[in-house]
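Chain IDs A, B and C follow the sequence of writing; residue 1 opens each chain.
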Amino acid sequence: MNQTSLDFSKNAARAQADADLQSALAKLQRDTRLARPVITGRLPEFEDLRDRAVAIKDHTLAHLDHYLETFEANVTDAGGHVHWCNDAGDARETILQICNNVNAKTVGKGKSMVSEEIALNDYLIANGLEVVETDLGEYILQLREETPSHVVMPAIHLKKEQIADTFRDHHTTLDPDRPLDAPSDMTEEARTKLREKFLSADVGITGANMLIAETGSIVVVTNEGNGDLTQTLPRVHIVIAAIEKVVPRVDDALSILRILARSATGQEITCYTTVATGPKRPDDLDGPEEFHLILLDNGRTKLLEGEFRDVLRCIRCGACQSACPVYGAVGGHAYGGVYGGPIGAVLTPALDGIDKAWPLPEASSFCGNCEAVCPMRIPLPGLMRRWRDIAHTQKLNKTGARRGLALWAWAAQHPALYRFGARISLRLLRTVGRRRGYLRRLPLAGGWTAARDLPTPEGGTFIDRWQKEMPGKTGS
Amino acid sequence: MTARPQVGLFATCLVDLYRPSVGFAAASLLEKAGCDVAVPTAQVCCGQPAYNAGDRKSAAAIARQTISLFEEFDYVVAPSGSCAGMLRHHYPDLLADDADFATRASAVADRTWELVSFLTDIRGWSGIDASWPKGVTYHDACSGLRELGIKVQPRQLLEKVAGLELRELDAPDVCCGFGGTFCVKYPEVSEAMVDDKIDDIVATGAATVLSGDLGCLMNIAGRLSRRGEAVEARHIAEILAGTATGPAIGGADDGQG
Amino acid sequence: MTARDDILGRIRTAINRPAGAAPPSAPAYANQPLIPDRAQGTPAELTKRFIAMAIEAEISIERVSDVGDVAGSIAGWLNAEGLPGRAVISPDPAMDAYGWDTAPALEIRRGATRGEDLVSVTPTIAGIAETGSIMVTAGPGTPYTLNFLPETHIAIVHADRIVGGYEDAWARVRPNGETGASLPRTVTMITGPSRSSDIERTVTIGVHGPKRLHIVLVGATGDEVDGQET
């Protein structure tokens, strides 16, 4: 994809001017806000389960080598193959090789964010394969040559009329008189079209929501059932998963499942939750003949070693996106990377480099709602602040605001001078603004006064007035 | 008898510069709640602008300054959840590697409170003697809500204000778009957020919007003014202390005589 | 150096664990199951909850008192829904008990499917009260495709096989459990028909998988029969 995180402001302005996008985002935010107390209220153990999930992931990450080796051994025992891949290039080549080994022509794909990270589809298509996304939202995006704008609701930015047009453009055999007014009409059309693809695909590629070390299994959750069809109908099933997806035991996976769907879509559980282990067995009537697992690093080990380790707890539920007011104002594409919203503001600098993404961690009011809803209690604002520290140290954000802040910080460390400056500034502001109560424009404060008036100060500083009115009550 | 606790009032830079009356209201409430209040005059700011801009060095210097000024008191109280949260949660993080200040930071953090929650949760006080016979609505400022768990406390006290009718926002806990320097770095995004907040405020029909943080209030008041809305914005301390006699935030002087 | 060595090496450096370090001892939480209250109760309570949760998940349910009545119930339900009286059923011997010969209107075939069948009938490992889910597995007698390709999936759940939570259902499929020496190739918890909200967050049913999920609930739990209405 075209990485445009440095253009966040420009991207955001475009998104804000898009009325359709704005109404979709407003609905998402509202639905999410209203649903959350209902969902969590129905499961009194929800907060305890969050703590449990954090403990599971922290324990796993602290012994990640052990659990990955255990996982690998159990996959192999079950007749599967594990391929370790350092980076995106490694993973793409490995997957292509597997496809070529079985003379694959067509690939059916389940929704996978990590495959977006490594731009898998473009690579396979460039190498002569037909690749079809099978998740309804991802399929629509593939036809439109767009990327997902939300981790679990990839096409949240589109109106149904746009989707209907897309179907009419691409499904050339579609009867022009057939109505596509309702989402159900389009769903039916996609079902027919994709059913052919499922049945003809040589290889199915899915992600995994979790990997279970004790059994060598993968966990795939979907509502559509496309993950199951993708992994069962083709001759070969390739799973692509990053190394942080592993959990030690089945019971751990079950605990995390109890918070995953609730956080992602507000459901008690998704319609299909499948734990799959290895390829088809000798007496089975269906299932893939080969089972391959791509175990991908792609920057994870770097996160593991430093102060960003907590972000590896992420289970890609998208709760932070749905709950973030900045995401709600600009949508996922404005972030210009694979992941939008708070998780993108933390992950994109890690994946693409802080020099390519420093505006993202700054695009937060630190309201803390992301951390409040994150089922894995990832301290997202704190991690964004760490990126700001790094960007500051590297002097990436060379803006007027930076110089202003430096001046302010210097003054703040010299209280007497600060107070002197404050008195002068206040007198000025009072003179200009007291009649109206507000200032409409103020030099050097364009960011503020573009949309807001600046309230005129009451007059005098509190400290000066206190000293005058309450002499002696100023501490030792 | 129990000695009156000595409270160091951390006024916050915005109250110091923009709205001294909130500082006096806070002091008055603390006195009524049985505390002796002192205001160290060398106080400046909690350091959040630097801290949130990634300038940890400046933030740490300001934190050390604040700690030195306030560690003599039994409690440090601020009329802001954001600044109190900075002292309470972020100073210890900021100074964790500072041999001299790490323990001092934790000691001050443990004794630092946001004004309203200090009155209710620490002082167990609810002796409000104030009246405000209007409809008001209340915005839960983010840091107070999510860093300090302030939600019921302001409502408990507002209930005791004679004549006051609280009309809840549809989304009281959604950010107003202030976010410190966020609102000047991303003014358009911030504008969209504060517009949502203002739509919500106006829909309640309340005459006054209250909150516990002056940053949010200046953002909301500034946008209310720009949009020409009649709602006025005030800090909750002014109402609770019964000192809300002057102009509202950004209210004109001459209109009041 | 292989990528495997690279990655494990970087991990060990990052978490400060030398190669060959002893496996971690079980973390404290591992011995303290955290099972939601709603996954606990008497058999009758769990059955009631299972039914309520399944209906909430847009699963239809019909109860029959005897195994021999299952086929008749299915034939009647298909007819009432205007669906064809033809079904592919799992070739599992356990399916023999359901009285197929008593429902001549129902034409059945045993085997897997490639999508040509409109209706499937499968057994289940368990009904799970916690969320109204059913658990199904893949195996020689239970082809996986039957759960996904037909437009209508009919699942047979025995009341005395209803469990409280996910863990209780999993106990049956673990290696050397009811399903054999090893974990079945797939274990799926299904909670309602296939659905999507990808277009304007409007829920639509039957995207790729079944448009209808129907449960025939067989028999009653002991305490239901004794004390309560069924």
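We take it that a contact is a pair of C-beta atoms (placed from the backbone, for glycine too) under 8 Å apart; a residue touches a chain by one contact, two chains touch by 3 or more.
Fair warning: this is a prediction, and the values are worked out from it, not measured in the lab.
Taken as a graph of touching chains, this assembly forms an open line, each chain in contact only with its neighbours along the path. Using the average of C-alpha coordinates as each chain's centre, C ends up farthest from chain B. The most central chain, judged by C-alpha centres against the centre of all protein C-alpha atoms, is A. Work out the mean CA point of chain B and of chain C, and you get 53 Å between them. Separating the centre of chain A from that of chain C, both taken as means of CA atoms, is a distance of 30 Å. Those residues of chain C lying in contact with chain A across their complex are 2-4, 6-8, 10-15, 17, 19, 21, 23-24, 27, 29-30, 33-34, 36-38, 53, 57, 91, 111-112, 114-115, 131, 133, 138-140, 143-145, 147-149, 166-167, 170, 174, 182-202, 204-210. Here chain A touches chain C in the complex through residues 24, 27-28, 31, 43-45, 48-49, 52, 55-56, 59, 61-66, 68-69, 78, 84-86, 90, 134-137, 140, 153-156, 158-160, 163, 182-184, 186-188, 190-191, 194-195, 198-199, 215, 217, 223-226, 228-229, 232-233, 243, 248-251, 254-255, 257-258, 265, 268-281, 283-287, 295, 297, 301-302, 304-305, going by the rule given at the top. By the touch criterion stated above, chain B contacts chain A in their complex at residues 8, 11, 15-24, 27, 37-45, 47, 49-56, 58-59, 61-62, 65, 69, 72-73, 142-143, 145-147, 171, 173-175, 177-194, 196, 218-219, 221-223, 225-226, 246-247, 249-255. Contact residues of chain A toward chain B in the complex are 9, 12-13, 16, 33, 325-326, 329-330, 362-369, 371-372, 385, 387-393, 397, 399, 401-402, 405-406, 408-410, 412-413, 415-416, 418, 422, 425-426, 434-438, 440, 445-448, 450-463, 465-467, 469-470, 473-476.
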